[in-house]
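Following are the structures in question.
In the two assemblies presented below, chain A is common to both, partnered first by chain B and then by chain C.
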Partner chain A sequence: MRRLFKMSTVFAAGLALTACQTVDNTAGTPTTYVDPGSSGPVRGVGIESQDIISMTDQMMRDMLTEPRLASAATPPHIIIDSEYFQNESSSRLNKNSITDRLRVSLNRSAQGRMQFVGRHYADMVAKERELKRQGVVDKATVPGAKAQKGGDYRLGGRITSLDSRDPRTGMIQRYNQIVFEMVDLETAEIIWSGIYEFAKSAQDDIIYR
Partner chain B sequence: MGRAKRAGVPVKCLVAATMGGALLSGCVTAREQEQTVKPEVVRDYLADKPGELHRHFYVSLTQGQRNRVLNDMRLGLAAYSLGQTELSTRLFDDALQGIEAVYANNENAKAARQLFVKEAVKDFKGEPYERVMAYYYRGLLYMGAGDYENARASFKGGMLQDAFAEEEQNRADFSLMPYLQGWSARCAGNPSLAAEDFKEFRDVNKDTPLPGDKDNVLVLVEAGTAPVKFSAGDANSAKPRYLKLLRASPTETARVSWVDLIPAPPAPPVKNAKKGAPPPAAIAPTQVPRTMDAPLVEDIFHQAVTRGGREFDSVLNGKAQFKSGANTVGNVALAGAGAAAMIAMTSGNSAIQQNAGAAGAALLLVGLMAKAAAEAAEPDADTRYWDNLPDRVYGLPLTLNDGVNTVLVEFLAPDGTTVRTSEVAIKRAGRCGLAWVHGAPAVPPNPRAPYSAPPEQMARPVILPSAAPPAGIPVTAVSSPNGEKKE
Partner chain C sequence: MKSVLSAVAATTGCLLLLNGCVQEPAPMCNMAGIAAQRQLVAMPAMLPGQPSPLIEMPLNSVNITDFAIMNKVFVRTANARRTPTGTVEVIAQVINCTDYPLNAEARTQFYDAAQVASEPVSAWKRFNLPPRSSNTYRESSIGTRTVDYYMVEMRETR
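The block that comes next holds the complex of A and B.
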């Protein structure tokens, strides 16, 4: 009987202690470098760093196989920025993170086979040209040009998504489609197209459903 | 001696079981407690925050990760109403990051499912109507910055949060979102996408008129106060205490007035005008006062209450069933203990007395433990809520020329009397302008969100720490609401 009593008391105390989390003993996580090309510890169903790296790498490789872009007798003038790259998806994002990476990767890989026009710097260039022509600053070392470079081709494209949810299970799925197109700025001909698509799904814990 | 020994066992049992019960019923986890923060950390954290919100941000700092999304949302709205758009953007971005994070294999989520732990121990993400409104305000911030593509993405993301209603007709029916998606698409110069969005809007809202083709300013009027959450049921009942909501403010409508500027027709050329004579003076535009009622675009309370049951209610139900079962076991065991004690007292046979006494003691122990466990089970719903949300949102699209920079908004009681008026500035960005007004005070009077801390802490005044910490209070390291580690 005494043993039963002692065991019961210990059991009751143990139960009481396990029921109460009295100390928040989260150890914390020190700052860690995460490979942007792989899934990190925080994941969702939207467009993430590894998707941007994969898609821009794939588009860059594909563009370098297009003869009109990479093997023309005269290197074409290319504009790659987010001006005509539309986000119609349900992911909030900075489109520049895609177009900037594409332009930088392509510029480094093309090695002079394409020339890139920094249209997003047009204002900056115009101001400097104006100062030079007014004589406020000297002419520097590079010979003057009649005008800023025009573009032969410009990047356009669209990001779209299709979302679905199962209200019964709380499962979320998002299909993302990113279309890249290079457009001839004289004829509007689309001389190159690329598409990158992926779908992700996830299910939140039942406490949030 | 033998009799005293026999009599002593139930007393010990009673003490042990009562202590166990007291321990179990007194469970407040460390996550629910506000933490003490070093004054210098508080000072640095508050340095770039508006003075009106210092106490609120201080609470946010002490409440940490568990209430991070909740505090981000209410402070994001308060900052937006104070014109602190950069701060508001940071807060809503942080809130959406918390909302969009998928909680799979999360320890705190797991804890909230446990029998003796409240649902409120989990990290707050809000009910769907609250999550949708976080996307709504982030979308408005994008609109204000002229980024209509991301504004539309934000509204579209918000609509997805409304897909979990129990009944099909209430799923994805948050009409404010497709309305603003369409408006944003139009402002981004994408009329075909706008048409699709307005079609989606019309599918869920048959009454509110669509913006006209030439409308370039949207007046958004938020009226009333947030839906109030409570945990339904009798506190002494063993039934699950599901989440319920209450409309806390009377219905207000909105009327918008402005002075339209009608450009004067060009002055006719002067006949036989002398060469070099000054041109005729420009005629000032005609000022025409106009007034319109703003149509209702969304009833937030309606959205809050039409969600139906939650999947988590089945977990609460399980906890309640345990509570009920444990109570029954406790009642039966205590009755048995009483009967055994009666036998022990009335029987003349010492062996029967001894056995009945032992059985009675064991039953008493079991009964009290079962009662304590029943008392400790937590079948209560999480009732923390975003308390500075509006009750309704009205929207009035207008065609205004650039000279019109303000509108006057009247909030009307159900009998048509004016409750209050606000002069609202039109902020133009790109093709469109936005005039936004929040009728009720957007800065919450209580720095703590409702039920965001244990009752004794909720009642405690919020006093910013002075340079030196009060003696005797341990200073611990906490994470700031934005995830930075502060020490």
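The block that comes next holds the complex of A and C.
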């Protein structure tokens, strides 16, 4: 009898708990889109989306004013990737977000004034070429090429920073410097340079991931 | 004696008043004069058969779109020229009329002969304006043959 009483108590408690777990039938927090080209509600002293958009747009437009790049008799072959673009700053940053945006915007804007070589896809292309030549796959529709395209010029550059902090107030200031250089792949001559720099200060730095 | 004293006092007062009028160093910006040159049209935008009421933002000019700096900066010149590759470079000289440093930013939209936007608007480009000094904003177009007009928008950097 006592055992039956215990069991019924546990059953009743279980029912009561189940009754508490109702659906929270309210609207969720709406996603807030912000303009990536302007400062958002979360701001720190590092490189942010508006800086990436501004610097790549600035470099792209500047490269289009360089005659050796934008008005050569034969459009030069350009390689833009992050292989030789180093991040030596104290900002945690995926440098591909800079070089990818620069390559895409320049490729779309150049409209034949330059040709872009996807060196970061070289392995993918080599594998497909090998399959075609082995007869594993057919030759597709585009006529074959002797070899993959070589580059005339390749992007190099560096991101550096200089941090300073006031120990009394906790104020932090960071100077960011981003250098872009286009290098002749035969002579190592730097045929075009661009620099983007800014300094920001804030009471507390935010966390970049 | 009394009349001499009053004459001296009056002259001193006038000098002080005049001094008060010219104490501001260069550059001096007559914001009232600039405002008087603006033409505002009380008409909703895009009425069929009516000219555009957007006289406040004419092409081939720099338009300050931010109340925060509207009466603080002065656009001294706005010019455009062709670069060696055929793109168009817009150059605007901006003067900070205040005693304080300002951070401003601007972007440019380029238009073709039909006054249609011929390419994406440029990204906002920041420039610093130290107190009572000038700085130059530059922007280049992407296209070469499709650029006939431009319009620069300027605002305070936040």
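Just so we're on the same page, the second predicted complex is superposed on the first by the 174 of 209 C-alpha atoms of A that agree within 3 Å, B and C clash if a C-alpha of one lies under 4 Å from a C-alpha of the other, contacts with A are read in each partner's own complex, and residues count from 1 in each chain.
One rule holds in what follows: contacts are C-beta pairs under 8 Å (C-beta built on N, C-alpha and C of every residue); 3 or more make two chains touch, one makes a residue touch a chain.
Keep in mind that this is a model prediction, so the values were computed, not measured.
Engineer: Looking at A:F198, would you say it contacts chain B, chain C, both, or neither? Reply first, second, both or neither.
Structural biologist: In the superposition, A:F198 touches chain C alone.
Engineer: Between chain B and chain C, whom does A:T65 touch in the aligned arrangement: first, second, both, or neither?
Structural biologist: Only chain C is touched by A:T65; chain B is not.
Engineer: Does chain B (first) or chain C (second) touch A:E88, or do both, or does neither?
Structural biologist: A:E88: touches chain B, not chain C.
Engineer: Residues of chain A touched by chain B versus by chain C: which partner has the larger set?
Structural biologist: Ranking chain B and chain C by residues of chain A touched puts B first.
Engineer: Looking at the overlay, what does A:I207 touch: chain B (first), chain C (second), both, or neither?
Structural biologist: A:I207 sits against chain B, while chain C stays out of touch.
Engineer: Looking at the overlay, does A:I53 come into contact with chain B only (first), chain C only (second), both, or neither?
Structural biologist: second
Engineer: Give every residue of chain A touching chain C within the complex, in rising order.
Structural biologist: Chain A reaches chain C through residues 37-39, 50, 53-54, 56-58, 60-62, 64-67, 70-71, 109, 113, 198.
Engineer: Spell out the part of chain C that touches chain A in their complex, as residue ranges.
Structural biologist: 83-87, 89, 119, 122-126, 139-142, 158
Engineer: Chain B touches which residues of chain A in the complex?
Structural biologist: 1, 4-5, 8-9, 12-13, 15-17, 19-24, 28, 42-46, 86-93, 95, 163, 165, 167, 170, 172, 202-209
Engineer: Please name which positions on chain B make contact with chain A in the complex.
Structural biologist: Counting only chain B, the residues touching chain A are 9, 12-13, 16-17, 19-20, 23-24, 26-31, 96-97, 100-104, 106, 109-117, 119, 121-122, 125, 138, 142, 149-150, 152-154, 156-157, 159-160, 163-166, 171, 188, 190, 193, 310-312, 315, 358, 361-362, 365, 369, 372-373, 376, 479, 485.
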